[in-house]
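Each of the two complexes below includes chain A, the first together with chain B, the second together with chain C.
Then we have the complex of A and B:
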């Protein structure tokens, strides 16, 4: 059932603040009246911890703020809090996210609607702080909903939407929002913060319902099971993930109605793709250099466009295929790697290859890896990728290689 | 028959090494006549628990292809020989994965064999074994439920005696020579064990079981839900709070409706309600919450929930108030308290028959004191009892290990 929303009070106005992506998430958590948050510092995730702590210290948010002894405990604590009915938040970065892996794995089958921020960070070694998407991608096959954002505004809006979707009884799956380390977590931008009344009309209270762990609803959670039960439990999760596609579209439509903004297409942003010959694809803040480069190239008569993927899980297969199959060539720029995978490509490139397999029209697809460890993706990198895509369009075929951009060679 | 499929049903933990040895022995013995084979355990039974029924399997075949044909499933759906290492399993098998009571002969093919170690008579055993709609053979190797194979207990040659008996049952797959060679050359290097196998070959007792014979009990079972019928979030309903027994007095806890522990027991407590001082210790200490509180304040062990561990007997402060008695002496799971309430004299007589049985009360799975097993073996030998060890008086005296 869709959640009915009331029209927002006319008097309520948005407030404009200069805040980072992490601070925008903390604003959203305050508006969502968060119950329990756990914290263990790792850069760049610690920025959101600090912002929430400040909200609580200033009396703007009443929530349990639990400092755990590590990421593993951090995720366990919120998992349990969620089963007794608390709205919870957690998150991490890089190897911190990896350290919590055991808890991340059990969260979807237990149907815990946890919302997390992954401040994307390169995995050790070498110890580094810059962005790579491999951390959040750890959980891509496990029943987590995953999305990538590229602005403080989107951080705030997506956090509210994520709770709305995750806590929908049809779904009850965790959602991890990925924010590029430094580019988004540490950059302050002008952001509209809606009034609480509007958020209340959009986001109902979390109701754990029949799965609530409470003396009045006696249940046993996570008993041992043998081979006669496991595949049915996986199938249940699969069904919830399938339903997520509908619920996400409902949530964006309601968000638009209440707040007067939010894209028509929740799944990906299309920038100048209408007449594009070459379409570049990426996730996160890589959109910024690509958009600038597109404008520069368009000024010289090259019809280039961008598809910035927001939702990676569930993967918007049909819509993405429809958008991409119009192009003469596709260039996917991954800010991640998948060592030894088909064509040695990045994760997004291979997902799109798989999605296009049944398409009637399959334009040549080129795969690029760039910006690892937080390295700047330059306009020159984008020009170079685009030129290669034009070459493939002319030749009418993909090359079976993956091109690393911006690496010293 | 191009393949021989055997299951070995045993008591979890206590007999796991024994069962594995038998399954290996079957394959290696058949290998001596050029057969191919595989020995494996049912993974779903791991981690095992004390006394809970579990299974190993051995399949031997004429060719690798025929072997694969029988390996291409999780576990055999039918068996030529069902080997049973504890005769209390005659009442059926109920593991955590079988969703109800599985008659011990359920997988046995028509004209197949149930081979059991037991000291009971055929007729006594057939009171417990469920009826089957096909003729089969019940074969007995005279022995107690063995703990051989656990490092703390002495060898009693049960594994090779089973192999010897099997050579008699399925000679086209296991010849007695093959068994002897496998024992001597591959597994154990013992002439004494070869002799034990030969003796079991000669002494095995068999009896054809007709479709009219056996217990008429309908085994309880239940189906598995579809994925969309299951509660989400890996959650199941908790066991609800219980109810008073009658007239608002006493207390009967609710129990797991799907896992009944009837067959998990090798012994059960027999309670002298006249001696009970209502101290609550059995009720508190029972790890399976099997005790119902009766309206008069005494405690009745509910056979649906008792797994026969004997903790109640150990903690009871009153002498001979709770006595553990071998499961083979009981034909039903009725309430002892109800029997006592109905007719106290009759109950006392019934109870005296149970707790007065010196054989049935001496040994559970596990022992009451260090050295009990050796004592029992010695007594059996002194009284010229049943051959259960290598050291039968007058036979292989130079090899006596007892």
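Then we have the complex of A and C:
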């Protein structure tokens, strides 16, 4: 997908619907014949649970729909349902995701292939419904696969891909799909909904195999392992995450074969990077204003491109380094913060700095923080960041600082 | 697919054992655990799953019966068993039951009644996990049993106060000292009464004590047979936490009942039925003084006569002033006062 804002041509049997990102996920869950789902209200992710509730009420989806009494239970219920072989879905936003933290921690080592929607939201206090990526990023070190999407179509497609990858026996890790609160959870776009038969070809039934908790398979799950075994179990999780790189590429290739769409590069979208002098990097719907700004700047002769990172875990280190090291300067715009971290940068900027450390060619990298709490990232913000990147390119070095864009002094 | 809102799940029909000689000999909780000598909770686990039988899944929240029971490579569980988080016994029961139900009704798994039991200690159940247990007891479409094994402290982490620790008990968080003889001044929660009173569609709540093993197993069998979410509260003497000779576990269980401190009863479809020695108390047998129970335990060794008298008065009140003695702690307004509209 060279330009994600344009939908692929509709295959004859696809339905075209005007739906939000959350509704697109609900369409995918229906096609995936979800078994157990748990809901708890928090904006903005809860729109997906409202959409699922309608599907169940109308008989389009047959699943156990449980409204929990808090996010902790919400995630525990589906975790356990998954261990007896059910395909499960869950989700949350902001501090709701934080409230479930204990359950999020145990899900990867239990090898539970839960798929979740995180409707990214600022972490109150102070109260804010708007997008920040710090919620989903809580779990970045814990064995969750994490990806960011920027359109309804990508929401639907990625949900199907997420189940295919998570439920692969080589992986059995949970996957959280991040959708920017309001900008994607609530914004409608034309979306192609494939027929069930095609989904059945792409997505096999979840098979818990030898890990199934059932009287016919009397196993003891998650005993006390302590120093005798914990490090080996961590290592197994780590190996699964390594294998995810291969399995994700397989899944995208197969998705393309079955549905006739899906990017060649699952890991990140490259927009006008071929000849770019300055490459901006971001995750989620920040791509929209950046792409507009890039078109405007290119009209004035500035060769600017965008790398929109889709998969944050596993992190596409080699591919990303290869793409970015061609630039004269890199500008990473984080919609998150990492207080007290190196250079006081955002999470993505620091990950990319770390990834570039062994690269043969390391262009200057500038770090920006913008759009926190759902504030709009304006074209002016993008122009300003780009100008600073040109300055660094000319100087041949970065200023080793972090710049907050669009903040009142 | 059209469905009615009330979906009845089949359960296993587990008839009560008619006496100790009729109890099945198969064990589903065997060697491999490393609980303390005299641990009554380990006995509760053994009896619980013996009563449930082989077509059972057990979920265990964090606590003694997790940490001391399931060391990797030496599990005592013959039936499938899984750990759940400290406050998650309710969610574990609900999620497991919901997963099974979804797969069975969609034809993805062979349909058969499988018992789902989640256990929790008093810390995991009455403190941290009470919200999730309460929620699960309202989900009447899923069959599960939540069993609270109450050894009256966080016994696995060095004996700390829980919401179920009796008044005044010496724990590592409530040591008697020179300035304060009694550090723990709260009265224990009434878990079974609260669960029964607060969840009108939960069909079965019971209290049990493993000192009466057959009676205890039959309550487990009734809970699993009746269906929907059910709750059992078991009082488990704990030699380490209560500080007594391990040989006295059985006797202390009996004394807890005979003093009236811990009543044995079941609430089925809203009807309270006392059983065992509690029934005899209700029918007029004298309660033993609580000092006989308290003074056998080191955790009350610092009690003065005044403390013992206070404790006795509180237990007397359970029996003399509660609307349903020892079960529901409400009292009617004095009849003459209420007739006059006095406040």
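Basically, the second predicted complex is superposed on the first by the 397 of 409 C-alpha atoms of A that agree within 3 Å, B and C clash if a C-alpha of one lies under 4 Å from a C-alpha of the other, contacts with A are read in each partner's own complex, and residues count from 1 in each chain.
Operating definition for what follows: contacts are C-beta pairs under 8 Å (C-beta built on N, C-alpha and C of every residue); 3 or more make two chains touch, one makes a residue touch a chain.
Computed from a prediction, not measured in an experiment: that's the story for all the values here.
Engineer: According to the contact criterion defined above, which of chain B and chain C contacts more residues of chain A?
Structural biologist: C
Engineer: Once the structures are superposed on A, label A:170 by its partner contacts, choosing first (chain B), second (chain C), both or neither.
Structural biologist: neither
Engineer: Who does A:109 touch here: chain B (first), chain C (second), both, or neither?
Structural biologist: It touches chain B, and chain C stays clear.
Engineer: Counting only touches as set out at the top, which of chain B and chain C does A:219 meet: first, second, both, neither?
Structural biologist: It touches chain B and chain C both.
Engineer: Applying the touch criterion given at the start, work out whether A:236 contacts chain B, chain C, both or neither, answering first, second, both or neither.
Structural biologist: It touches chain B, and chain C stays clear.
Engineer: Using the touch definition from the top, say if A:211 reaches chain B (first), chain C (second), both or neither.
Structural biologist: Only chain B is touched by A:211; chain C is not.
Engineer: In the superposed arrangement, does A:228 touch chain B (first), chain C (second), both or neither?
Structural biologist: In the superposition, A:228 touches chain B and chain C alike.
Engineer: For A:375, is the partner it touches chain B (first), chain C (second), both, or none of the two (neither)?
Structural biologist: The answer is neither, since A:375 touches no partner chain.
Engineer: In the superposed arrangement, what residues of chain A touch both chain B and chain C?
Structural biologist: The answer is residues 218-223, 225-226, 228-229 of chain A.
Engineer: Could you please specify the touching residues of chain A with respect to chain C in the complex?
Structural biologist: For this pair, the touching residues of chain A are 33, 35-36, 38, 59, 62-64, 66, 68-70, 72-73, 76-86, 88, 102-103, 106, 205, 213-215, 217-226, 228-229.
Engineer: For the complex, give me every residue of chain B touching chain A.
Structural biologist: Going through chain B, the ones touching chain A are 43-44, 74, 96-97, 99, 224-228, 230-240.
Engineer: Going by the contact rule set out above, which residues of chain C touch chain A in the complex?
Structural biologist: Residues in contact with chain A: 1-3, 54-57, 59, 66-67, 70-73, 75, 77-85, 87-88, 90-92, 94-96, 98-103, 105-106, 108-109, 114, 131-132, 134-135, 139.
Engineer: Quick check on the complex: what are the chain A residues that touch chain B?
Structural biologist: Per the touch definition, chain A meets chain B at residues 109-112, 172, 210-211, 218-223, 225-229, 231-233, 235-236, 239-240.
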